[in-house]
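In what follows, chain A forms one complex with chain B and a second complex with chain C.
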Partner chain A sequence: MRTARTPRTRRAARAGQYTALLGYLLFLAFPLLWLLSTALKSPRELGSPHPTWIPRHPTLASVRQAFAEQPLAPAALNSLLVALATAAVTVLIATPMAYVMARHRTRAARAATGWVVVSQAFPFVLLIIPLFLVLKRLRLIDSLTGLVLVYVVWSLPFALWMLAGHVRAVPAELEEAAAVDGAGRLRTLASVTAPLLAPGIAATALFAFVTAWNEFFFALVLLKSPRRQTLPVVLTHFIGAEGVADLGPLAAAAFLATLPSLVFFALVQRRITSGLLTGAVKN
Partner chain B sequence: MTEVAEARTPAAGAHPRAGLRTSDRGAWFLVLPALIPILLLSVGPLLYGVLLAFTDAQSGRTAATRWIGVLNFRDLLHDTLFWESFRIGLVWAVGVTVPQFLLALGLALLLNQDLRLRGLARALTIVPWAMPEVVVGIMWRLVYNPDAGVLNETLRGLGLGDGRDWLSGLATALPAVIVVGVWAGLPQTTVALLAGLQNVPRELREAAAVDGAGAWRRFRTVTWPALRPVALAITALNLIWNLNSFALVYVLTGGGPGGKTRLPMLFAYEEAFRYGQFGYAAAMGCVLVAVVSVLLAVFLAGRLRGGADA
Partner chain C sequence: MRTRITLALAALLLLLTGCSPGAPADGPVTLRFQSLAWQPDSVAATKELVREWNATHPEIKVEYVQGSWDSVHDQLLTSFEGGEAPDVIHDASDDLADFAYGGYLADLSGLLPARLAADIPRGSWETATFGRGVYGVPFLQEPRVLIADADRLRAAKVRIPTAGHPWSWPEFRQVAKKLTGPGRYGVAWPLKDPVSATLNLSLSAGGRLFHRGADGKVTVRFEAGDAVVARTIHDQVTVDRSAPASTLGSGGADTLPGLFGGRYAMVPLGFSYRQQIVRQAPEGFHWQVLPAPAGADGLTQGVSPQTLSVSADCPHKKEAVAFIDFLLRPRNMVRLALGDWMLPTGTQALKDPALHTARHGWATGTALAARLRPAPAQFVRGYPEWKDKVATPAYQQYYSGASTLAGLRHRLERDGNLVLARYQR
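Then we have the complex of A and B:
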């Protein structure tokens, strides 16, 4: 940074950096803005041969049409229930295991860490067929409970990885001090470790929520009846069999489906980024 | 590396943290709530899936399933459609991973600088990641739309032809979906590389700068060696994830036109849930696992080597 460069080359470099940054911002934001623009256009504007960049007469007609064409509200409710349940169960069962993985160098903990890495890599096809057969036997096909079960196991590897990173970030000396003071294991965990882990647990819950909210493949295979389907599956119904779509309602529904995740991320963006970074770095 | 070293030392039990390791029974008690679902719904089905690959299992008549040995694999060997989808899968995985890595590397270096809009850029970086893949697909369908799409309108505006139907063209479909793949996975790669850049000792970089090393020299001799383990890991994982992708291309093209974007996962999905050939689709899964295992071995080797270097 502190080379003996002339002010002019330095300024040129800065300008280049800002150009690149603006290009990146445009690249990131543009498709999303186009989605919003399409969603707000009037049917007549959508039919025009030369699409406008910004809708001339913004209208919610497409939103209304989207809700009329497909069961969006029930689908959103299904997605919400599934995502909340997935987040709650994942955090509940992953936190103790992540704790053991981070603090104990037992064979089981090492095997778990290895599995976490390996499981990230398995093709879903090999998993979905047997899962389909097992869930069918348990009469959990076309059931949100079955889907939650699958999602919990699916988000566990990364949840464990993130949480273990957060546990390692809590100094073990704190726990030892509590142990020396005569606190039992559970007492130590509840009163010393858990409060310090709260941000990590929140980030992990968020991760599990968004994963479940966005997931498509398992939902496509496991949910059959239209009123049980989650939002991503219902969204694909807007695209007709021939690939033709009613652009306005499609865009409106797609934008609405993204809102919860975007709001969540906007609220806790800093936390999740640092959570991801902690999980990544401490490993 | 420390983990491996400790594993080989019998005295690993005599750790200073002995206060917390009162009993392994306690540890097992904490592990079980996660371990049982993992075994029942992940490890179990995977093994079951491998077994299915050696049977003629079909949907609807699983009761009468017979063991047929390697017959599925022999059929697969002669299935030109499968190998075509496999080739497309490789082109897709490499075509997405490589440009994505280069872009992400540039961006990570950029976002590591003290720039004014950095906060906004970091916040927006999360957008493609937060979006459902289905929405990403729909969004880009709107961009690529032959009549009302922003891409064709821009090209027309620039006087670059009358535009075309990108996702239905035999030659353009695969490149078009690859662009979307790069877009969708860019943030994760960027964030991972940003995390990696935090491993680069600042003093070292500054010392190199004081010694008169140019930007490229500094990158090659200081930044890259520290970044390499993360870079290797994220690249291997991206290759694996891309080989397994489904939703994005399913929404964009459904595998068309004429199977030109039919990734292995789409092929296996159709085989299993449209034609009910569970055993055959499971065999495809096994072939993919074999390929992925090789990549995984590279990843693990890179991780260990990275640890040794540090």
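Then we have the complex of A and C:
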């Protein structure tokens, strides 16, 4: 009796799991799908009292309008440059610092960790004016380099915290074993520790990239020239007084703005997965 | 591999450094003009005017910078503090007080050409006058009107109000009741920002709320005139049920689908919403623009016009004012008004036939222009805090039926005066 029912029960359970998974994926993807649906609707359909899930008469008019009215492509390029540079510089600085903080449990390292936590509590409205003045003195106002500098400083505390956790997760015994085998300090770091840290580094890069890609206020305040504005700043140009929005073009632009983050995530995610296994076995 | 990554990073950083601004070049004066135009026609009209200026004034180059209504205050505040503000600033008059008193904006009173000074009525100038200085040129304004489903009005056989013979507030309440039926409401009040809407409309009934004493200090006093509009909205929502409670937290645009779908017969909205209605209304939907109801003071209502100001740090103030003067010549002001679907403040521009056509309700709006007054709160220091901390929750609770008129009065006066007192020590 039991053996006859087991396959059917398994199939039902599997179907249930897939249904639940599909439902969860739909739930997660809903904002993106709704953006896409809105972007493809005509103004009349957007004003319809009976909203539709799928546009009745899909049109690219909003996409065309968005590109015609605002410099979306140059803004996206600016955002991409800034986000990639932020991710790269953050990782370059955070990795050795996190290693030191995690491996050397001195009083200074503990104080540094505490400071990292405290620095997360500063509201950025408090920081923006002093930061503005410092960047002005450095002649970095209205410069993407200045913006990258701000984003690196902004991302660094959390990146450090994240990476220090990953460093702690790498057993110190592996490094000791490498030393016993005759590997020098740098060789140990490069061949043993770095591959094991790869998922953490990838996750940190992703965090820094997404933070810089989405950030609005610093970019708004620090960049003055239209040709240097980043995508989040340009997106607000579709919003008028009292929060009235040109919904179709806004949705089209916002949908397109999410794509680079998704692509970057897809690229980095593979690294996170493969990095979990790389270097785990000593050759 | 490592070399490739290093090279890529170096290239990226070089590229970024290359994007940095160089040293300012010698040559013509350059003015940065931050515009908040956002509707396609409005952006096009503004950019076209900047192009025309640049073509005819090679010695004064204007650079168009796109700003955003959503974030303009914080952005300007930071730019002022950092000494990097745009030279010519587009904003709204109710946002100017703190900047003017803070010394961030140039006093234009001695710089304005006589033509421009005479063209804009005194009431409009008052919206940008703080103390003895004039800190902005008001150029576009927007009355609140009723956008109505014309077929529903005709079917209900109600009297159609005009600027010459508007509805009184009690009549409006009766009409809304008459237009109400199962699942359908006579009116929807989108009151995401209940304070400015209420205060501006209350001027029609003589409501002032803010009273300046002999010592120059402002206090809040909620009188009979202040209660007319507030009580009408409250009663429509909670007594007559001719207005839904669900829209009280909505923005104006959120109510449009309900208007198009017949759920609401009328929606009080800003005049510029007509552009969205033209674009979004379904085929066969007939709508019309009606003046807001009138009280003891007729059709009077408060507005905060859009303004053009000059930064106090701008080294070329005369040139900046010359550009503003060009932008606001009557013909150009009409172009800006048509682009934003608003009313120009200039008396010459207001005479333009394009603004008197019945199409899309232009004539109804234009007829209201003479009755527009400075928004009551705009000179009151501490108003933003009073509005956010005291008035918004107090009005929201009253409109939803959670408090009484006496409770509203008590909170606005007692809590409000405590807030204002802090700013007037």
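Note that in this section the second predicted complex is superposed on the first by the 215 of 283 C-alpha atoms of A that agree within 3 Å, B and C clash if a C-alpha of one lies under 4 Å from a C-alpha of the other, contacts with A are read in each partner's own complex, and residues count from 1 in each chain.
Going forward, a residue touches a chain if its C-beta (ideal position, glycine included) is under 8 Å from a C-beta of that chain, and two chains touch if they have at least 3 such contacts.
Fair warning: this is a prediction, and the values are worked out from it, not measured in the lab.
Visitor: What is the contact status of A:L46 with respect to chain B (first) and chain C (second): first, second, both, or neither?
Guide: After superposition on chain A, A:L46 lies in contact with both partners, chain B and chain C.
Visitor: Could you look at A:T236 and tell me whether it touches chain B, chain C, both or neither (first, second, both, neither)?
Guide: A:T236 contacts both chain B and chain C.
Visitor: Taking the superposition as given, does A:A61 touch the first partner, chain B, the second, chain C, both, or neither?
Guide: Neither partner.
Visitor: Based on the superposed arrangement, let me know which partner A:I141 touches: chain B (first), chain C (second), both, or neither?
Guide: Second partner only.
Visitor: So, A:F265: does it touch chain B (first), chain C (second), both, or neither?
Guide: It touches chain B, and chain C stays clear.
Visitor: Quick check on the superposed pair: does A:L126 touch chain B, chain C, both, or neither? Answer first, second, both or neither.
Guide: In the superposition, A:L126 touches chain B alone.
Visitor: Residues of chain A touched: more by chain B or chain C?
Guide: B
Visitor: So in the superposed three-chain picture, is A:L84 touching just chain B, just chain C, both, or none of them (first/second/both/neither)?
Guide: In the superposition, A:L84 contacts chain C only.
Visitor: Once chain A of both complexes is superposed, is A:V118 in touch with chain B (first), chain C (second), both, or neither?
Guide: first
Visitor: Considering only the touch criterion stated at the top, classify A:L163 as touching first (chain B), second (chain C), both, or neither.
Guide: A:L163 contacts neither chain B nor chain C.
Visitor: Pick out the shared contact residues on chain A: the ones touching chain B in one complex and chain C in the other.
Guide: 46, 48-51, 92, 125, 128-129, 133, 216-217, 221, 236, 238-239, 243, 245, 247
Visitor: Could you list, by residue number, the parts of chain C that touch chain A in their complex?
Guide: 9, 12-13, 15-17, 19-21, 32, 36, 38-40, 43, 63-66, 68-71, 74-75, 78-79, 81-84, 86, 92, 192-193, 251-253, 256-258, 260-263, 270, 273, 276, 279-283
Visitor: Which positions of chain B touch chain A when the two form their complex?
Guide: 3, 6-7, 12, 15, 17, 19-22, 24, 26-28, 30-31, 33-35, 37-38, 41-46, 48-50, 52, 62, 106-107, 110, 113, 115-118, 120-128, 130-136, 138-143, 145, 147-150, 153, 168, 183, 191-192, 194-195, 198-199, 205-206, 209-210, 212, 214, 230, 237, 240-241, 243-244, 246-247, 250-251, 254, 256, 264-265, 268-269, 272-273, 278, 281-282, 284-286, 288-289, 292-293, 295-296, 299-300
Visitor: Would you mind writing out the residues of chain A in touch with chain C in their complex?
Guide: These residues of chain A touch chain C: 43-44, 46-51, 65, 69-70, 78, 81-82, 84-85, 88, 92, 125, 128-129, 132-133, 136, 139-146, 148, 216-217, 220-221, 224-226, 228-229, 233-234, 236-247.
Visitor: Which residues of chain A touch chain B in the complex?
Guide: 1-3, 17-18, 20-22, 24-25, 27-32, 34-35, 38, 46, 48-51, 53, 92-94, 96-97, 99-100, 103-106, 108-110, 112-113, 115, 117-131, 133-134, 149-150, 152-153, 156, 160, 172, 175-176, 179-180, 185, 188, 210, 213-217, 221, 231-232, 235-236, 238-239, 243, 245, 247, 250-251, 254-255, 257-258, 261-262, 264-266, 269, 272-273, 276-277, 280-281
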